[in-house]
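Presented below are the structures under discussion, each in the form of structure tokens.
The two complexes that follow have chain A in common; it is paired with chain B in the first and with chain C in the second.
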Partner chain A sequence: MNLMKLADLYEYLQADIQRIEEELERSVTAEHPILRDASVNLLKAGGKRIRPVFVLLAAKFGRYDIEEIKHIAAPLELIHMASLVHDDVIDDSTMRRGRETVKSKYDNKVAMYAGDYIFAKAVEQTANFDDPDIHFTISHAIMDMCIGEIEQIRDQYSWEQNLRMYLRRIKRKTALLIAVSCKLGAMAAGASKKNQRHLYDFGYNVGMAFQITDDILDFEGTEEELGKPAGGDLWQGNVTLPALYAMHHDPEVKQRVQTAFAGTLPDEAGLSELIRDVNESGGISYAKELSRKYLAKAYAALEELPDTQERTSLTNIAHYIGRRSY
Partner chain B sequence: MKTNAVQTMDTADLEAEFRAWRHHPYVAAHITEPEPDRDHILFLKNIISTKDMQVQEKRERILSALLVQAALDMHEEVTLQDTSTDEMRKRRQLTVLAGDYFSSLYFYFLAKLKDTEVVQVFSRSIQHINEQKMRLHQQEETTLNGVASLVREIQAGLLKNLSAYYNQAVLGETAEAFLGLKKVHAAKATYSCGGECPLLTAVQEAAAWPTGDGQAVEARLADLELAFIEELAHYREKAAPLLNEDVTARIDELIAASNAASKG
Partner chain C sequence: MNLMKLADLYEYLQADIQRIEEELERSVTAEHPILRDASVNLLKAGGKRIRPVFVLLAAKFGRYDIEEIKHIAAPLELIHMASLVHDDVIDDSTMRRGRETVKSKYDNKVAMYAGDYIFAKAVEQTANFDDPDIHFTISHAIMDMCIGEIEQIRDQYSWEQNLRMYLRRIKRKTALLIAVSCKLGAMAAGASKKNQRHLYDFGYNVGMAFQITDDILDFEGTEEELGKPAGGDLWQGNVTLPALYAMHHDPEVKQRVQTAFAGTLPDEAGLSELIRDVNESGGISYAKELSRKYLAKAYAALEELPDTQERTSLTNIAHYIGRRSY
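Up next, the complex of A and B:
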């Protein structure tokens, strides 16, 4: 995703985004130098900060006070950071966003301690809100996300999956935290229950479209564009929508996939053949159509909200997600 | 992952509810799910026993603390070594994720408490524990006293802070000595099996032996054990008016077992 282009869509929030950034920097000041370095490194690696942006935009539909809202926007990003540092242990990753991962720079233990430390920081920050519904909403979402990750491991290299399983997985993996970011921004700003619901629906549908698009790009992109080999999801045994559709609609494709993964993992040529099979099956077209349907639902949710600059920003972000290439 | 309908302060009920919450069939098929630490439960029950709150509120505080411990313990199981088989890789992945799931559960239980001050006590304690874990991992303490201090804070940091929050600080100090002694026992057992753990490594560093002499390790562990026994005996007397029967009995058992082992 092109950071500059996306950031242009909410440039007028830049001062408040900077306020969140300062809050994040203040949050990760651990006493132990390695713990501090690991946390600061994660922070400096940047990222799109899309969750805090959703929090801020949603909060504009209520009584917006950045000094209040930051106590939701920052912890959501911290929770995301904590999950990334642990994900790098799970995936045995050495690089993330062009930087050496914590587990690679130090070791697995440091990565575990850093993630747990950052998560506890996030919990502490949310305690700035007395509203138990806010705590419930975040904690419940994180529980669901963890279960989703466990089930993703369970479902790896399992070729007997269905659409419902895939949708539930991407909801937990991506859509939930975006939906909750939108809802929490609205909750923290005291927006009406009705608008909280519309914003949640918007976030959920945009999140689903975003993940489906991500899954499409994994098949359509080149290694140069993706920064990793194409078809990486399939190679890792993660059955995403294009492959799922291909296997469901063409038993021969399913058979070829099963054969390819029966012993050792397929080599580059073998994987390329499977990618071609998926492309030719109509799996990409089907996934694009489903992504468009989710985006349409996201726009419909926005239509229920007051016509403001923030609604326009959310609409533009949804457009951007629909158009994005790499 | 379901709640137990029974709402009592019975230790077995609390253990059952913990097991029900922490269970995931796929995780259980690949890794050993953590067992509730009965001693933690006994201390926690003691710490909040006099507080004026509903049984359910007390249970949720205890379960939150047990889940924190489970999360920290589970992540302690993540090893430094590379994984060489698919099953080993899967076990590591699930160990990380199970710990994260327990973290999400403790957050969920804390949310149910609707008590932001207690949330702060929990979250700051966890931050501090991870700071101390880093210091132990990096072998920064060069004296046995320093190592003992880290062990206290890692093993009982949350209990200590909770007891201070509930104006029962001496119970937290007793828990530090008790859980510290238990940790030394565990390290001794690990050592006798030829295993490794952060405490053993730290003791080795603190002993600063050049030759890796096995007897020196045992002697340093024995010194550490003795220090914790004396500390526990001290708090056994100091905290006596506040200690309930169950905790007192466990302290006596542990001291007796330690003395018997050192004589043996």
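Up next, the complex of A and C:
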């Protein structure tokens, strides 16, 4: 998703999004030089800030006060950032350079504690909210994300999976934090319980569509578009929907995948063949169809909300996610 | 510190400590089989539960209600447990087995997310407290711990250190969480601000003495007493007080340490020589003296509190820490 194009969809929020950006910068630039270096780089790398945007838009369905709502919007982005930091810990490239591992060991440990620090910072920022439900919801979102990550690890390179396992993983890994961003924005602004629920439903379904699209793009995109080689998910053993479909519907594809990963990892040519197998299996079309179904549910949830400028923005974001090509 | 002997010091709390134990077990046995396995092992491994004990004793200086205070006591032990889990991530032994690293990579990642999960669980349990200060204090304790760990990593194998750096590290790594355990117990039970401060001071000074003693034992203890080889801190590049003193006061010891660690790590015989150097330098006596000074401050803080059964228990625990031999 292109940051600039997405930003056009909620231009009228620009000042408040800038406010969150300052809040994020303030959060990570303080206390410690090593943490500062690690975190500022992460911040500068940008990102769509999709979670804070959902928090702000959802808060517009209640009593919107940027000075209060920033204490929800910034933490949700911090939780996402911390999860990115931890996701990068212990990666392959640094593990396989012999003596270099001592150096990378320290880098990994620092990254781990930097992630912990950012989690704690996120929690700290919400300290002033009275409503215990806000604290429960945030801590549960982190817990679910952890379970999602652990399930993803458990299921890596395991070729006997079903759709239910995949959906449960992406729900925990991605959709719940987006759902919770919408819900918490509404909660913190005192929106009605009914609207909180609709916003949660919207976020959940958009989040599912978002992750399915991400998983499609990993097969469809070029290295230039993705900023990393295509097929990276499969190479890392993450069985996403297109590959799952291909293996389920064509035993020969499954056999070729199992052979390619037996004992070792496939080289570039071998991986390209597998990507072609998946593309030709109909797995991409199936995944696109499922993504569309989730988006339809997201639109339906929006229909239940009052027809405001913010509802239009949320609709546009959902459209955007449906159309995004990288 | 021997669990059974320590338990004698607060036998009258036994039922409530059992209550916390159940709470901890309930926290970690729920939701997910992989998490359950990781966490239950950790729980069964036991530990002194020193943080919950301090929470309970401190709460006795206010309106003590075990059903309320357990929501502080259990989280503080969970935070400690999470830090232990993360401390074990990316250790040397698993990093150096060639192909085995793929397996250990997954184990490490699972351990990392298991630690994250336990942190979030700790935060969740405190959700019901109204007082924002409680939330601030807990999140800050985690943040300080992270900074302490990062500083320890940064300072590893760095032989140019001073006392101030060492003290700051052990404060963040150990003493603050014990101080905060005392303070939060008092806060949650509505003890007076004055008593909260004295309990914090007590915890801080006991925590410093506790860590210094730990660092002494790593040089003095036998492998049998420690459950791990002596000198492990030095071998891992953690410059603790006895070694710091030895290197500062005897340039030849410093030279020998630098030589032993130049380019490679010392073997068992080389490490034994360094341990003997440290023992003969007077570094142990110096560290013992400093530990005694912190304990004296801990006793002084207790003197400011009302003379109750709980104050006696805290005094006894401090005595115990001063005398502990393994």
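Please note the rule applied: the second predicted complex is superposed on the first by the 307 of 326 C-alpha atoms of A that agree within 3 Å, B and C clash if a C-alpha of one lies under 4 Å from a C-alpha of the other, contacts with A are read in each partner's own complex, and residues count from 1 in each chain.
By our rule, a residue touches a chain if its C-beta (ideal position, glycine included) is under 8 Å from a C-beta of that chain, and two chains touch if they have at least 3 such contacts.
None of these values were measured; they are calculated from a predicted model.
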Joint occupancy of chain A by chain B and chain C, clash or fit: clash
Partner chain(s) touched by A:S139 [first = chain B, second = chain C, both, neither]: both
Which of chain B and chain C A:S285 touches, first, second, both or neither: neither
Partner chain(s) touched by A:I153 [first = chain B, second = chain C, both, neither]: both
Chain B/chain C common contact set on chain A: 31-32, 34-35, 86, 89-90, 92, 108-110, 112-117, 119-121, 123-124, 126-128, 130, 132, 135-136, 138-140, 142-143, 146-147, 149-150, 153-154
Chain A-touching residues of chain C, taken from the complex the two chains share: 31-32, 34-35, 86, 89-90, 92, 95-96, 101, 105-106, 108-110, 112-117, 119-121, 123-124, 126-128, 130, 132, 135-136, 138-140, 142-143, 145-147, 149-150, 153-154, 156
Partner chain A, residues of chain B touching it in the complex: 24, 26-27, 71-72, 75-76, 78-80, 83, 89-90, 92-94, 96-101, 103-105, 107-108, 110-112, 114, 116, 119-120, 122-124, 126-127, 130-131, 133-135, 137-138
Residues on chain A engaged by chain B in the complex (per definition of touch): 30-32, 34-35, 83, 86, 89-90, 92, 107-110, 112-117, 119-121, 123-124, 126-130, 132, 135-136, 138-140, 142-143, 145-147, 149-151, 153-154
